[in-house]
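Quick notes on the structure that follows.
Residue numbering begins at 1 within each chain, and the chains themselves are lettered A, B, C, D and E in the order written.
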Amino acid sequence: MDLLKSLGYAAIAFVIVITAWQVVIWLGDYPEALLPSPLAVFWGAVSIIQDGTLAEHVQISLFRFFAGYLSAVFAAVVLGLLLSQTKHIWRIVDPIVQVLRPVAPVAWSPFIVLWFGIGNMPAIVVIFIAAFFPVLLSTVSAVNKIDATYLKLAQNLELSKTSLLWKIIFPASFPYIASGLHIAVGTAWIFLVAGEMIGAQSGLGYLIVDARNALDLDLVLAGIFFIGLLGLLLDKSLGLLEKWIGKQWGAGTSS
Amino acid sequence: MDLLKSLGYAAIAFVIVITAWQVVIWLGDYPEALLPSPLAVFWGAVSIIQDGTLAEHVQISLFRFFAGYLSAVFAAVVLGLLLSQTKHIWRIVDPIVQVLRPVAPVAWSPFIVLWFGIGNMPAIVVIFIAAFFPVLLSTVSAVNKIDATYLKLAQNLELSKTSLLWKIIFPASFPYIASGLHIAVGTAWIFLVAGEMIGAQSGLGYLIVDARNALDLDLVLAGIFFIGLLGLLLDKSLGLLEKWIGKQWGAGTSS
Amino acid sequence: AEPGGGESESGDQVIQIGHLPITHAAPAYFLDHYQDELLDDVELELIQFNSWIELMDALNTGRIDGASVLFELAMKARSQGIEIETTALGHREGNPIIVDPEVDSVEDLKGETVAIPHTLSAHNLLLEEMLTGAGLDYEDVEISEMPPPEMPAALSEGRVASYVVAEPFGALGVENEIGKVMHQSSEFCPDNCLCCAFVLREDTMEAFPEATDELMEGYLKASERAGDGSEESMQVHADYLPVDEGALELSLDWISYDDLDIREDEYAYLREKLVEMELVDGPPSFDALVNRTHVQGGDD
Amino acid sequence: MGEPLVQIEHVHKTFHKNNENINVLKDINLSIADGETIAILGKSGCGKSTLLNLIGGFHLPSDGQVLFDGEKVTGPSRRAIMLFQHYALLPWKTVLANVELALEPEQISAEKRRERAERYLHLVGLSNNLQQFPSELSGGMQQRVAIARALATRPEMVLMDEPFAALDTFTRYYLQDELLKIQAQESTNIVLVTHDIDEAVYLADRIIVMDANPGRIRRTVTINLPKPRDRSHSNFQHYRKLILDEFNFSRQNDDIEYNI
Amino acid sequence: MGEPLVQIEHVHKTFHKNNENINVLKDINLSIADGETIAILGKSGCGKSTLLNLIGGFHLPSDGQVLFDGEKVTGPSRRAIMLFQHYALLPWKTVLANVELALEPEQISAEKRRERAERYLHLVGLSNNLQQFPSELSGGMQQRVAIARALATRPEMVLMDEPFAALDTFTRYYLQDELLKIQAQESTNIVLVTHDIDEAVYLADRIIVMDANPGRIRRTVTINLPKPRDRSHSNFQHYRKLILDEFNFSRQNDDIEYNI
């Protein structure tokens, strides 16, 4: 019932957007070539769905996304856990991370090509870079946020270092890490598309660039719509996962 | 003294990175044209500092950044506060935001040109889009996180709607909003550079693309370094601002 | 959008012309350089873009009054209802096919990636001619679209095995020993491979007919200076395209600015080709797009 | 004691949660006279806070009605001010500004407002802390600010939901004494929710002992002792034992349940 | 009572904070015999927790020494288990797994571990909640799990820092009774920090009353009453009054300070 309600609101939103869009076209007197009408975009969307172009590009984009994102998450969480255990090393790594993080992943492309060649790898590496730093930082900050009593408890019980890391620190910080993953999924997706717009020959970003090159703005808008929709789905799935983990691991407890 | 210590660690980090880099060059036997040496990059950096190129591009990038970021923050916070007051409207706006958010700002460029012309505006609009959605969402979620007792208190005291909004809801949610602003500053900076790499004739992103097209990879790396450094400075400044506001407005109180 | 860039401080009509940093736009550069001499009541403002598509966005939305642009792109835009006309060519020839030094024949390109500036370009048509001429299929190579300035870098990084593009990027690749010339455009479509055109928006032309006439007159005069090969001409080229002397000379060897008229048979060939390659559904007729009054008026 | 200030008649309260109806309060009848201090005592979850919220108008009854000064309660109002357990001070405003904010809806000049705020802060002994922020004060001092804020609006009634539960025993004792002194001066009606037997006996004229599942009034104990009371006097102990017995805490039963 | 289990000799504790030295404890001397239950009572901030942490080895003294069973304390150990105010249960583990984790460092088989964990959970009456998660339990039940976990390691001493402060009065009373029963069975030494006078009198053999700024022992009160005690008995009231007087809470002084 809640879902139905949400869908209802989404439907209202949809109608409002379409109407506003059409009104803008009428009032602004924009030619179809500059601002396609909702109907044109709809037929554009239908055409790329029917001829399979969309499915193909979506598949490629999602493959790149998961390959880059999952490997980044794995590397960043493990590294984050280990680094946060040794304060000195982290204080050395931190400034490096801080300077690398604000650099747009695409800025590295000449070097990505040098080491990773062409094809899918550059896009995957771009996603990797986009996801790696936020997850690393959120892992380290999650570990630092752990309630000190857990650590005191472990000391008191004389737990071994490995038990401490895998049975206390990792699960205790996981809810925060998960919320870091959630944030990173959005950024990574945006960068995938941006990355595909620059260098790739396939994927949703390329679909947009290609349509734009052919001056088919209706397909550009259709592409944007599907990018938004897929991004939303990715985000919601991770949100659900996060909630589920939160429940599983007793978030909202008084301790 | 704490700062000194941090600088010390940063210096160690710096030395390690430079060494590792040089070792990679020696071991991998990469030609200077593909992977410039630290020294080459250093001289590249010196050259763009001395001839004023860097200062010019930095100035332009920062101008675009602040114009886009500040207007996005202003618009998103005000809109977020108002929208979060009327649940129904927010539930209609939310799905629109959710679909628009995962779209890379650069994907909109054909339409940005249509409405905002050429020159600085497109880059500013890209930043605006990059910063707007995260700040809007964090504002709305900040308002929803407000301790319900504040609202009960306002009801009890029969405060007016405007007092409630500006004297209770806004300040109560500000610490969370500020942390949203902090996150957005990083993303916005990354997108500025990515945006300038695609469409601009100036700015740090352009500096990189231009150097890359001229096969001056030493300048590319120098550019990356300055982008990272500036991003770090922006982030730290906002971090300090956030802390200061937190202190000012009594975060860490028991209430 | 309002046509024209408004009036300059001195009361002259400002006309904004978009271009890419390529030798093919040289007449526009020369007009800009000599505008005190060649233009009276018009002020030319050049606006440089990085890629064709950004330029087209600005042209289509009326942010600029005209541009030196790929002929095929102009056709597509016209077919979509954008009201522009081509008033002259930008140049003739000057489109080499640059390949990696390892590549010796067209057959070697099979399975490799080739960069072109745009599918709607002479370079794409050229590539197709070359491939089919060598008994290959167009699908036998990977086509990669990228902004011209990016191509030498892409070739040196091994992202592409070959590129076909406007000058001076071909010459740049040769000068820097990144690649070599395999063929020249003249080998495939002698004298009728229309490449770059000078286009103007119809709203500008209608609003400022005198200014348009003056601009075009100046443009044609400027094109003569661009191609005269004098020391001074070389210097102007070098001012607008800061590439080293060798590359520039090489470029200018390949290119000519003599005859900028657009002839019907050349145009028809282009139309056929675009339809055949399924690049444009209904290309505009010759009369709808091409405006020869200025070129021919100059001849009269 | 005059005519009842608050009259609770056959009040039921049901909450809906996860498609379930939780019967929280069942047939509550209670009238509170003007000038009376009432303590509501009961175990966690028995509905004490719900009852207090009903009086304050923060919840509305599912059945029955609550009358305040003869009028049906339909929402919160300045006539009955709630004192929250965690004080609900605005951390971004100074002590003085916190109290002034409460006076904003009254149409008085800024000076009058400040004057009144200062007067009540003086009453709770915080004259020297006007410009401090809540975070710079101890828990006890914060609750005093909240008391000053509540009183400054000159409400007919102050509703207190475990006002001292977050404080340590010693601070709590001091504040209880404070509260009695101030009440003697301002003669405000107080309804106090607590699970501290001593607190109830020390402060209240009448103690409402509640039972849980569903919440209902088990017994009403009137404390006939003059105030201020002596915590270690035998009369005090008498009432204390009476209530302890009500909850079976004087060592006689050993069958302690295991479902706390 | 045999030879002292814990011996605190001339212990001082100073914290450094913002370039300031805070003198928290000054010249503490205390010995705790085997079998004795000690309550440390004092106002907030007087250094009770610090003292408990020194005994447990979580802090080290700035001067003087703490001996445990004759050996100098240099860090936390399984011989003295701390019971935290907010229980410190791991929310991602079941009740049983929480207790089992505590037994991990002992070199015993998995079955033995489970057996022992179940035994102690039975002792605190949670046999039916083995597979539940802490979040599914009430506060009182959570603290029982923590008690079971502490006892399952068979420590020589349990250190409790306001173990029942977060619970309501009624739950607290129940758990105090529980604790006494278990202690009688397991004969564990307990050091208890509290600011609840009743709790101290109800549970302790000896009460250490502390003063603040700097924290020091003001007085030691030995409670000579058999356990279990009756909260409303006059003997109990005698000790209660004695301590209330120590803190000046029996109505005789009216000069209440304003700096709580």
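Points worth noting:
By our rule, a residue touches a chain if its C-beta (ideal position, glycine included) is under 8 Å from a C-beta of that chain, and two chains touch if they have at least 3 such contacts.
Only a predicted model underlies this, so the values are computations on that prediction, with no experimental measurement involved.
Graph distance from chain A to chain C, where chains that touch are one step apart, equals 1.
Here the chain-to-chain distance from chain A to chain E, counted in touching steps, is 1. Any chain that touches chain C and also touches chain E is listed here: A.
Of all chain pairs, the one joined by the greatest number of contacting C-beta pairs is A-B.
Distance from the centre of chain D peaks at C, each centre being the average of the chain's Cα atoms.
Once the centre of each chain is set as its mean CA position, chain C and chain D turn out to be 83 Å apart.
Taking the mean of the C-alpha atoms as each chain's centre, chain D and chain E sit 31 Å apart. Rounded to whole angstrom, the centroid-to-centroid distance between chain B and chain E, based on C-alpha atoms, equals 49 Å. Residue positions 34, 110, 114, 212 of chain A each touch two or more of the other chains.
Among all residues of chain C, those that touch two or more other chains are 61, 153, 157. With touch defined as above, chain D holds no residue shared between interfaces to two or more other chains. Every pair of chains meeting the contact definition is listed here: A-B, A-C, A-E, B-C, B-D, D-E. Partner chain B is touched in their complex by these residues of chain A: 6, 9-10, 12-14, 16-17, 30, 34-35, 91-96, 98-111, 114, 183, 186-187, 189-191, 193-194, 197-198, 205, 208, 212, 217, 220, 223-225, 227-232, 234-235.
The residues of chain B lying in touch with chain D in their complex are 147, 149-150, 152-153, 155-160, 163, 167-168, 171-172, 174, 248-255. Within the complex formed with chain C, the chain A residues making contact are 31-34, 110, 113-114, 117-118, 201, 209-210, 212-215. Touching chain A in their complex are the following residues of chain E: 56, 58, 75-78, 81-82, 84, 86-92, 101-102, 104-105, 133-135, 139, 142, 153, 166.
Interface residues of chain C, counted against chain B in their complex, comprise 47-50, 54, 57-58, 61, 63-64, 149-150, 152-153, 156-157, 176.
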